[in-house]
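First the structure, which I've put down as structure tokens, then a few questions once you've had a look.
Every chain is named by a letter (A, B, C and D) in the order it is written, and numbering of its residues begins at 1.
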Amino acid sequence: MLRYWTAGESHGKALVTVVDGFPCGLEIDVATIDRELLRRQGGYGRGGRQRIEADRVEILSGTWRLLTLGSPIAMQIVNRDAKLERLDDLDQPRPGHADLTGAIKHLGSIRGVLERASARETAARVAAGALARQLLSAFGIDLLGYVVELGGLPIPVPPGSLADHRSIRDASAVYGLNVEQDGAVKARIDDAGRRGDTLGGIVEVRVEGLPIGLGTHAQWDRKLDGRLAQAVMAVQAIKGVEIGLGFEAARRPGSAVHDPIRYDRSSSHLPHLGYLRPSNHAGGLEGGITNGQPLVLRAAMKPISTLAARLPSVNMATKESEPAAYERSDICAVPAASVVVENVVAFEIARAWTEKFGNDSIAEAQARYDQYLSLSRQR
Amino acid sequence: MLRYWTAGESHGKALVTVVDGFPCGLEIDVATIDRELLRRQGGYGRGGRQRIEADRVEILSGTWRLLTLGSPIAMQIVNRDAKLERLDDLDQPRPGHADLTGAIKHLGSIRGVLERASARETAARVAAGALARQLLSAFGIDLLGYVVELGGLPIPVPPGSLADHRSIRDASAVYGLNVEQDGAVKARIDDAGRRGDTLGGIVEVRVEGLPIGLGTHAQWDRKLDGRLAQAVMAVQAIKGVEIGLGFEAARRPGSAVHDPIRYDRSSSHLPHLGYLRPSNHAGGLEGGITNGQPLVLRAAMKPISTLAARLPSVNMATKESEPAAYERSDICAVPAASVVVENVVAFEIARAWTEKFGNDSIAEAQARYDQYLSLSRQR
Amino acid sequence: MLRYWTAGESHGKALVTVVDGFPCGLEIDVATIDRELLRRQGGYGRGGRQRIEADRVEILSGTWRLLTLGSPIAMQIVNRDAKLERLDDLDQPRPGHADLTGAIKHLGSIRGVLERASARETAARVAAGALARQLLSAFGIDLLGYVVELGGLPIPVPPGSLADHRSIRDASAVYGLNVEQDGAVKARIDDAGRRGDTLGGIVEVRVEGLPIGLGTHAQWDRKLDGRLAQAVMAVQAIKGVEIGLGFEAARRPGSAVHDPIRYDRSSSHLPHLGYLRPSNHAGGLEGGITNGQPLVLRAAMKPISTLAARLPSVNMATKESEPAAYERSDICAVPAASVVVENVVAFEIARAWTEKFGNDSIAEAQARYDQYLSLSRQR
Amino acid sequence: MLRYWTAGESHGKALVTVVDGFPCGLEIDVATIDRELLRRQGGYGRGGRQRIEADRVEILSGTWRLLTLGSPIAMQIVNRDAKLERLDDLDQPRPGHADLTGAIKHLGSIRGVLERASARETAARVAAGALARQLLSAFGIDLLGYVVELGGLPIPVPPGSLADHRSIRDASAVYGLNVEQDGAVKARIDDAGRRGDTLGGIVEVRVEGLPIGLGTHAQWDRKLDGRLAQAVMAVQAIKGVEIGLGFEAARRPGSAVHDPIRYDRSSSHLPHLGYLRPSNHAGGLEGGITNGQPLVLRAAMKPISTLAARLPSVNMATKESEPAAYERSDICAVPAASVVVENVVAFEIARAWTEKFGNDSIAEAQARYDQYLSLSRQR
């Protein structure tokens, strides 16, 4: 079982990720992880913190001469702005954050909660996903996250391959797939910034190259759709998750939702075994199991909860009305969220992948993957 | 830790639920469970199976003279239509079901997969939730699920208390909160039925009476929003989950999303400790932790995947194009889904509740709950 | 991940076992499970309850025409003596049982605790193990449990194959491997019975046919030795667990403990790949991983805690000294414990086995097993 | 739920421990952790590595101004001898280690396995336990580990309090409770060293101040005795675990095993609520639950598997007989094992403690502890 946990506060010494159960024998490319970390820090609308930090991962364990050992992989991202010990507590919880709820739950400080609840923690999750995607990549599975709506402005997804889309996204200041629209999106962010306001949006992740058979229908806590939903909804500021048509599926009749099954002998050597679908409304998952089509998932991010134009709050000590505290923050982190969601999805896919093909060694997994395609072709 | 698993096939001998970690000393009302099971079987649009079954739960363990013992509670729902051994396999997987994906994954039969993947399994999950809600009820927490959209037709939610809404819902043939609209909704279902088609919809669950502090912000796999999303997305046919404003939150600026914090001394004895919010866009969760406001969650259900007007499929043996197999099914199960989602939410809330207040005994939990309100009031 | 839970009280309606994650496509022999259940009920020294019950398992789910489906397998053992609702509470906790500790922990009744803590629950665990061993059997792994000491009397283990030993054990009234000694052992049990006393003993389990590589060294909670120790120590009345030489290993120098490694090309096709050991002091586990030698584990069972010659206790209501309550019990259940330990070991081995070879289908696991032997032979 | 994982290779950059679910508001004393780490490095019989390393923990997360935050606590022990990248692979697996089993399992190198399987990893586990014991300490629970047998030489435990015993142990070169015997024990170690041999032994841990009611009888995988056995058996080189009388309990009649229950009103304010036992053969656990008596557990450590007088082995590349590889090692690490076992026991007790009293905050746990003693006194 592939699993991970993170540790670390926003202004603490470091963020730490421990990945347990990663197979032996994969050559890790640290630059791939750093590239994802850098992308997470970017996107139009980020604030001053991103200019201070320049996240780099250090692998502390689990590799020898760049090859994974099958033992736990600990990764560390050192915080440059590690000023936690010098920071003070706050008295006015910020609506939308864990400030109020966490301080009461733990009978503790707001500082102690916000430092952990901060979206800075997502860097540690990105590190886990950026490791996991290298496993997927070794087996021809690729994925991409991008912004499909920002501040109410839809950003259309043009036709094209994942590689095409990656090029476009990498050229976009807002991580969308329509660079010509970047100006309009940036203007909307600037406008929100001028008002002391913040913006949210919707991100989409597409995973390609998946075989049929990851996940299960057999027990509720092992279904892949449920696990993906947990991983994504547990990302800071995410308030909605949908797969395939998602909420739109609720509005159409079944005849316009379910993807007919065709068989194409000439593509039966591919991971989908030749079972083609003229549409992909299911988003690649049927019965909690991958169906060989691209997995498509969207997540809704609320606007950042820290507003320069402070929202009404209460001083928890005096119980008097006071504006919410303000901690340096971004105007919009939807591009960053597209990176985070992409990478937590990568991890869950890798988890399901190792449950199917094992996590002892890449050599064995490779042989099993071929074997499975062969056996399942005969099914 | 409160946890549960289910077992059982659609036409097997019985559905079984085992709930582990339930506190000692709660008087269980079996009729409450049976009432939820009956509701799950109802709602306009169900098919013949519901006329055969009349689900009743039998508690096999974990109670003595109706009081829970703190030991695992096993529940059984016997299938009347227990004809699995006489049923044959299918050759044409039904699009939208686990037929294709599961048969390939397990290198096995379609029958073996569909029998478990069937939504009949949700009866076992409802039993778990209907047990859990009795724990919540003992601490003033109540919840209600209802249909807010069906076949593309929105069903508005009128103002009113949970009790008011329960009365309305219980009087509605489609489990909505606007009985006058029932006729129109039923007509839409009838129309779909005539076309051999099926309908989906959107359900909403509202939980009231929650204290501040259930869930956590501290680790991704323990956040309450993530767990709720997993539990709900893992329900058969659910393709989207959103909390509070959900996807709408992505479209508004932060100033129109985050719920200002006020303090009202006169209500500080209540579970929300006097921390009031003029709006509840967060849907009761901030930072993965309950904030004392009603928890509001919506789920999108796709139309039922089994269509009388059979969809194009493939004979897995011959690989020739053939219409999908047809097994007796419903036209619309959105009302039932509102019951299922309501009850899986109840279970996750109860899980978070016992993590906060313990699962050894109701007597101790009661004392702790009072103590927590007192301690947190002083925070 | 293969996992299981049990539910059920000693005098409740039924014992229930749910096994989740069992591979698809194994033909289950119910008689094998019943035979283990019957053996658990036997052995010299058992009391009246065993004459009332005649445990038979009923499989409620997870199979179709005797083949496993990959879905959860729920099993039920109905209690004949299902008189729980008519039984009263006790006031005088029995030393050695959970009576005192459980009643205080749960602020509840002694009855509510003892009904679950009773060793009758081990029947449900035997069912899980008796299922799991059929999976092992399909891959040439066999195991045997037997009594090696009873009431202080050692019962020697003669040389011989597992099959030889099974024949001897099945012929022994005390499940030992030296039938000629049965009379002396029975006399010791009879003598204890006459004094109103009880006896404990030591059981040994040997597992043969294991490949190299089950378990892991990589993380503490996934090591196979640790998991075996948990499973065995969690069996009622077990107070000690040792693997291989166990405590004796602590007394010898390293040169007399560690098993030299030899290589025998002519046996390299066997699961141990030709890596032979002239001794097996490690008991088949090195670094938390199987080494291809027989896995040997011993467990110490304390005497049954319910004595006819009642031990001093206290009336919990009055706090006055009173003799402990007496509930019908056995004089000696060491033979039964050998069955229970054997079967919980079988389950943990099967769990490690499916972690290595997958739990989707037997057909795939078979292909993988062959493949692994081939790949690891080239290592 | 309190949980932890470790990462790190013997000669990698660092050992890392992540502790998740630790309550908010405890003041951590880093010196306490360093003291345990130092003790782990000590004891007569250690080799050169301990002269290179001087383990110090650095807390990377989870605290603010020394107070825990309720968020994950990551700890790092930097390796001075971090030469992994310069080390070569081995060809001759050392009997007793994971060298052979791990290399085959992972189809990988021996180096990659031994670096993680090495007992150096226990430093990371000691860090987890040394943190956990500070939680226990805040609630009057103390524990001590010491050596009771080494190389076959028993070291008697004199009467005395835990504090008395700690003084003696801290003065002993072999961490025993009979300093006068140290010379004889050291001579035995020296003698083994001269022969190129190694020694094992038996360690004992005693935990005092425990309330009644930690652990449970209700489900096999939550029983405290099982969890302790797992944690201890999963420590490198441990081959046996016993609680209370352990294996000796198997040899006595029940009347000489089970601890009579007495009630002493004058001590009813203590954690044991006045329920006294003239003996403690159960070792503080009945039915998987603490009974208010000292918890006593013993573990058998085999001699170190790396012998200067190399054992017969095989070159895995050539399959020719060759002596086992030799990596710098100790002659005897039983004193160190007493520290490791003591600290993994501390962690499991703390885990059970937080399951009973919660892990949100120390302030709340303190109030609950008092409340529980009050409520359970009335039981």
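One rule holds for everything that comes next: a residue touches a chain if its C-beta (ideal position, glycine included) is under 8 Å from a C-beta of that chain, and two chains touch if they have at least 3 such contacts.
Only a predicted model underlies this, so the values are computations on that prediction, with no experimental measurement involved.
If you take chain C and chain D together, the chains in touch with both are A, B.
The set of chains in contact with chain A as well as chain B comprises C, D.
Between A-D and A-C, more C-beta contact pairs are found at A-D. Averaged Cα coordinates give chain A a centre that lies 38 Å from the centre of chain D.
Centroid to centroid, with C-alpha atoms defining each point, chain A and chain C lie 43 Å apart. In chain D, the positions touching at least two other chains are 5-6, 20, 70-72, 102, 105, 107, 113, 116, 213, 216-219, 356, 360, 363-364, 375.
Residues 1, 20-21, 70-72, 213, 216-219, 222, 355-358, 360, 363-364, 367-368, 371-372, 375 of chain A are the ones touching chain C in the complex.
By the touch criterion stated above, chain D contacts chain C in their complex at residues 5-6, 93-105, 107, 113, 116-117, 125, 149, 151-152, 192, 195, 197-202, 212-213, 216-221, 223, 225-236, 238-247, 249-255, 257-263, 265, 273-275, 277, 282-283, 286-291, 300-305, 307, 309, 311-314, 316, 319-321, 324, 344, 356, 375-376, 379.
Of all residues in chain A, those touching chain D in their complex are 5-9, 12-16, 18, 20, 24-25, 58, 60-62, 64-65, 67, 69-74, 76, 84-85, 102, 105-109, 111-113, 115-116, 360-361, 363-364.
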